[in-house]
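Look for chain A in each of the two complexes below; its partner is chain B in the first and chain C in the second.
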Partner chain A sequence: MRPARQIILAAARTATAAERDRSGVKPWPWLLSLPGLAVAVGILLPLSYLLTTAIQGANGELGDILLRPKTLQALLNTFGLCAAVLASTTLLAMPAAWLVTRSNLPLKWAWSILLVLPLAVPGYLMAYTLLSVGGSYGVSVRLLEIEAPRLTGFTGSLVSLTLYNFPYMFITLRSGFLRIDPSLQEAARCLGDGPWRAFFRAELPQLWPAFLAGALLVVLHVLGDFGVVSLMRFETLSVLLYGSLAFEQTYAAWVAILMLLVAGVFVGGEVLLLRRRRYDRVTPGTARLLDPAKLGWLRWPVVLLLIVFLFFAVGLPAFSSAYWCTQPTLGFVTRDWGASTAASLKICVPAAIIATAIALTMGLMTQRFPGWRSRAIERLSYAGYATPGLALGLAMVGVALWADEWLVEAGDTLIYQSLGLVVFAYTLHFLAEAIGPVRTGLLQAGVRMEEAARSLGRGPISAFFAITFPLLRNGLAASMALVFLSAIKELPLVMLLRPANYDTLAYNLWDLSNENLYAEAAPFALTILGVSAVFVGVLIWCERQAKSRKMQG
Partner chain B sequence: MKSVCRTLAVLLAFGLTSVLGNVAIAEEITVYSGRSKSFMDHLFNAFEKDTGIKVNRVYDKTAAVALKLKTEGDRSPADVVLAQDAGALGALSDAGLLAPLPDALIAQVNPDYVSEEGDWVATSLRGRTLAYSSARVDEKDLPASVYDLTDPKYKDRVGFAPANASFQAFITAMRVTEGEAKTKQWLLDMIANGVKSFPKNTAIIQGIAAGEIDFGLPNHYYLIRFKTSDSKFPVEQTSFAQGDIGNMVNVAGAGVLKSSKNAEAAQKLVEYLLSYKGQSYFAGQIFEYPVVDGVIAHRQHGDVDAKLDNAPDVDLDAISDLPGTLELLREVGLL
Partner chain C sequence: MRLPQIHPEPPDIDGHRLCIERLAKRYPGAATRAVDEVSFCVSAGEILTLVGPSGCGKTTLLRSIAGLERPDDGYVRHGNTLCQNADTFLAPEKRGIGFVFQDYALFPHLSVIQNVRFGLRHGSKKERTEIAREAMHRVGLHGLENRRVQELSGGQQQRVAFARALAPGTDVLLLDEPFSNLDSELRIGLRKSLQELVQHCDLGVILVTHDQEEAMCIADRIAVMRDGQLLQVGPPPSLYSRPRSAFVAKFLGNSNLMTGQAQGNFADTPIGRVQIDRHAEGPVTLSLRPEHLSFDMQAGVTTPATITLREFKGHDLTYHVRHGESTYLIQTTGGSLYDIGDAVHLKPTSAAVVVEDDLHASALDQTS
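Moving on, here comes the complex of A and B:
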């Protein structure tokens, strides 16, 4: 009896020792954390540089700069637009997410895919569509002889941004609905609530975290948007920043800081609202599948509404771009489609690869070396995502010029206006999107098999590539696709950082629409649509693959 | 393992080619152009083909280009600057950033259109004009002066482009010839009368066609572009009464930066803009007025001399106070 007890105790002691060894005593992996640290420096340096130049430039006249009626108006416009887009995306996405998860809508899986497609239509492309379709000389008059309203200003921005941001809200709410434990709703019904009351009292509160995640994505995108509001001529902070850039740089720096503060308020708000709540299942056992709600005769009007929505969000932009493609252009406006596509690829492909590689090192770090250091580095990568593009671009221009002063002799530039700088900025801005899929992949792969390979004599790198990497391929592909999809649509960063001859597809489309040269803009619009659609397809495929693998497992 | 290595190798190769792809061998210059890409790309391409010199292009608003060059100072990668406004070039010249141009080059141009220091030349002329909707405006309702646009008759019907360099040059000219107070009052009255701000001249014209506004204050050559590709385009344009500041004629011009490391090639580009080929492009394709004798303006213009006679007397060297104009536009809330 006694020896047996001793053996058990000894085994327990070694087990805790091994545990401790895995988390704490293991030396911090400097080499592995290097990319993450570079990202942290890459995001903190420009932002602090922005702050110092802004403070120096203000010369104590800060009140005079910030309290201009124009600044306050732009601030109000920005908040107003964020709130309006948030409200309208919620009103659209909530019923749509409910329909594809909880009802007996025909072809639910197809709708789940189709409703993500608006991701392929960037906001400025939607704005370009709305502007070129309406009015007394637009597509609708030319083709149908009916004058459609030409939306501009607030309404135009609202419609474009709502259609574009809808999928972010839809995706998060859909997974929110899928995760809700149906027993709560059943309990509410048992206690005498009607179906509506049960929905609002028992289910809706469960959606809160998903809603907040989607809401944060939407407001950050609206805050960072430049293409839509500039084309629609609605003066938000980003329009103000870009406009003052040419004339008054200190002011532009302060507007950028204001944008950062607003982003900070949004992020902080989300954290505060999520605190101290419990959403996970406390009781043991798995959640039961809920019987879908019967739509009855309502299903056909619902399907019709969904089709109408998709027509406006995807069909109209595709159709109108195709129409303008057939229209005569002004002969001398030469835009090199090939060069522009090449420019987009030269920026987006490296950015997608580098971001995914960094995300991989960061995922390994947080998985295998948990602690405050890896947490801090990961948080900072989210800061890069939350920083509005124009503010990030402006800060990076400043740092690049400052660094060139140290690095090369006068009259030369190394970093400023280089391809490397644009790629780096894109990487910083979109890194957060790459982290999710890679981390999921790592968690699913686990560390045991790799440890087994190590114990059989493989070195750390060889073991990783032999065991974990093949399991990660889906996640890596999804990460790359996500970053690439965002990068190909990116406008504000490329406006401020692009080197000579690097006019990307997005830039050309925006620039030509800004001159109202719709026929000239059409090929660029179609290219962005096509490429984005392909990558949305890749993402959906990755997701389905992961799902079927899970089912096999 | 093998397939992993292959995947990595392919990715690496792709990354490398995309980074190294832009290493250039041939002679090249960098142009900061305040004139839009739609106008200049074609000409730069022709220059590349004729001379073998590669032209790196950076497009931005004229005022932004000027500010950028001032910030970059002697570190600027630019060799040539193109501006669509004498004011910006004057400001760069005042800041000592422009190198004197060779006499042979200056001699080609009408002396009215060369800067006093000889460090920039005009490459083409453009007039301010009044564009209006042929569908919704009766000809007898056309104003005789730009000052008439503050009349209630035009409430919410007029558009202009305050961020545009040509508009800013027009405001500078107004300040020089008519005085600060009168200019400021005109801007305030226009705002009170519901004037709409557009980002660019083309957007004004399209705004008129789309029914958003009925009148606009663009440069003269934009509408001609629309008309040549679509003769039914529902917009017309006209001049104000003779000598009205609204008829002001401005220049687009070019200069070579002192910091240029390839001044010879840079001068070749300026020379190209003044050559028969370049001038014919400005006159025949963009529909501006040429600055070199012997180049014929486009027939769409009618009598160019008469138009130039209609213009008010403005000394182009005197309108270099772009900062003052920007300050005024900011003060009234247009920028």
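Moving on, here comes the complex of A and C:
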């Protein structure tokens, strides 16, 4: 499998190099780059509008606004939570990734899949679970007559966000482990290092890029999270922003800018830390498989720990939601399950399709017309992902209201609170997730076969749809599944942008949990859980398909 | 210049740096042994090359000696360190055996000097750097200390790998196809520096290669392996001129193999009566090198053969000659030129070597 993969990657690399040589003669594809340009404008315009209104609103009293004790406290809380979640996900994901790649743990492939499942449990659903299980009215008292602690505040946020973000770290570290050349460890052993010393000196440093990639995802998610911290009543920047929205728009705008700055610091930090060194393998020799480390009797406690972890991360949310579904509701709040499912789908399905289509045009653009323009457009789509949801939402609200002033009569709205705006915002926010699989597919397909079709008399569009497009099917499916999965779980964007009384699954779950109406919230939790689980399954299937295709190649 | 050494006096009890005896390794689930009771020794200042077709177990053997694989049985001794016997298995880090990997396995997160210093643990950083620098000079690397390994050429990476393995003062070096990733010009240069290095530092070296030409030109002794077994060990000239079996004859250079009926010092073969290298009776298999076969100007006792192909190689010329069912190779260094289709008579110019027929035996094994 490895040699085949290397050949594919090498072929992809030479293909792009060859394309780079020729790119000078090709005219810039304006039509192809239109969607990408629209995305760039869609991100830059709201953010610059946010900045200008914030500066105008500040009236020179910026210091007073930003240096309030509660701003600093929220900033501190945000950083603290990011650091704590990062530490705990690393401590959990590092051993887990090692176990499924390097040890003789029984059923390693099954664990690799199971440990990704927490992706199906968004943070606020985990928070809802923790809040509704513990305490004197919680599930544990009702069923077992044991009062489990009711985690709130920092601890509750930490636990919820750790369990939710674990898979991101796990996936990147796992592929990091798989990429390490096993002969490095052997070389260290031959130079006098014992197994542990060899691991720490020769192998662990190779994980640094994977760790940084995972770490960036985790801290951006924690920074962007609103559902967990609001339910857990832990005052981070996003809680502060949402809280001040109704009374102090300028202050909210500045908090949003602060969040953007923090995101910028995270992204910049990753770039800086990564740039210092290159870690790719020196020579592309064929890597042999290492003998897996023997766990011996330790394997059973390890399996037990993994089961306990999965119980808390996946089993408990599913069980407690199911339990609350059977409980009587108080009756004075009714939310329509069908309407809210439809509301979610009406946003998520178009967002997934549009984002994937844009990702395809951008992938083609970067593959076939490489250069600073393609790079800039692609980077901006990543900026859309890194921008915290609330900040992006707030910026969108501002620009929508401003545009409505021009387009329709005062008091009326066209863009603000329209479904189109929500879908557009979702597309911008999750576009980056769609790019990865599409680009991998394009690189694997290469351009040679399409050129062969051209030489056999097909036009460019006909050749693309006859040759490359069928090869991309898995990548496109994976892209759509990724965006859909994130969109169905998305909360902050929909909170700020939704049309009046437009209640999605995520919004209902959050709103009802926020009022401690756990039985009422349960159907929405179960639906999110079920749909997400299906899409995590789709993603795993797509990956397996891609892998088996690579093996055949 | 001083090379750092762990042992001030090489502890050669019987003159050998490294000895292995009846080393055997079978992979779980495999029907046959990857390494099947292999024994040999390597002395100081000696290069032993292990050759054989791919999959013959030579890399497994090398990795077993280093302790990277765990053999099922056998005995390994390095100097006076017992590395393995029936109830001992010493971890690779405790063996003090240097290993150069086929892909070099340089640590991509470390600079050149950090790579070379990796195996040094005693003394201050300054002392270790000094020792590492000496090892780098040994292998002809100058002024690359702070470069990143990715920036080096293939040949330079190779030298870094050598320096890293030598720096801890090892006196035995195992090389797994060390030149396979390099172009031919670089290979020749590196082979030469390896030979010099072995002489200077009094190293014992085992080098694995599948390239028989490389094996012959660099080795003090060659060990030919097939199917996990060691077929023959000896200096290249003696292996070439006196192969023990048809496989060895074929693997080290070209050979005309034929069957014949031996009577004393002669044998009757399809190309006529030839002299053989030892006394024998009855059916035998003979090996005759192409340079030991030539054209007979007079018509021989047998029917004439036909030239089917001519390969001109500059200093010599190889003819493919069809005689009956078989094709023979004849290598000449000049003389009259024959054309394709010419009828010729064959004449051995040297005694044919009686070899064990292990080629047909294995062909039978495969069909059964």
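Basically, the second predicted complex is superposed on the first by the 527 of 553 C-alpha atoms of A that agree within 3 Å, B and C clash if a C-alpha of one lies under 4 Å from a C-alpha of the other, contacts with A are read in each partner's own complex, and residues count from 1 in each chain.
Here is the rule we go by: a contact is a pair of C-beta atoms (placed from the backbone, for glycine too) under 8 Å apart; a residue touches a chain by one contact, two chains touch by 3 or more.
Everything numeric in this text was worked out from a predicted model, so none of it was measured.
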item	value
Chain C versus chain B on the shared chain A, clash or fit after superposition	fit
Contacts of A:F200 with chain B and chain C, given as first, second, both or neither	neither
A:G138 touches, of chain B and chain C: first, second, both or neither?	first
Partner chain(s) touched by A:S244 [first = chain B, second = chain C, both, neither]	first
Chain B versus chain C as contact partner of A:S183, first or second or both or neither	second
Touching partner for A:L191 - first (chain B), second (chain C), both, neither	second
Chain B or chain C, by number of chain A residues touched	B
Degrees between the directions from chain A toward chain B and toward chain C, using C-alpha centres, nearest 10	160
Shortest CA-CA distance in Å separating chain B from chain C in the superposed model	44
Chain A residues within the chain C interface of the complex	181, 183-184, 186-195, 198, 201-202, 205-206, 208, 277-287
Chain A residues touching chain B - in the complex, by the definition given at the top	69-70, 131, 134-138, 147, 150, 152, 230, 233, 243-249, 328-336, 342, 345-346, 349-350, 353-354, 401, 404-405, 410-413, 416-417, 419-420, 465-466, 469-470, 500-501, 503, 511-512, 514-517, 520
Chain B residues within the chain A interface of the complex	1, 4, 11, 14-15, 18-19, 21-22, 30, 36-39, 41-42, 45, 56-61, 63-64, 67, 71-72, 74-77, 135, 163, 197-200, 202-203, 205-207, 209-212, 225-226, 228-230, 233-234, 259, 261, 285-286, 326, 330, 333, 335
In the complex with chain A, residue positions of chain C that touch it	66-68, 91-99, 101-110, 118-119, 121, 148-150, 154, 157, 164-165, 168, 181
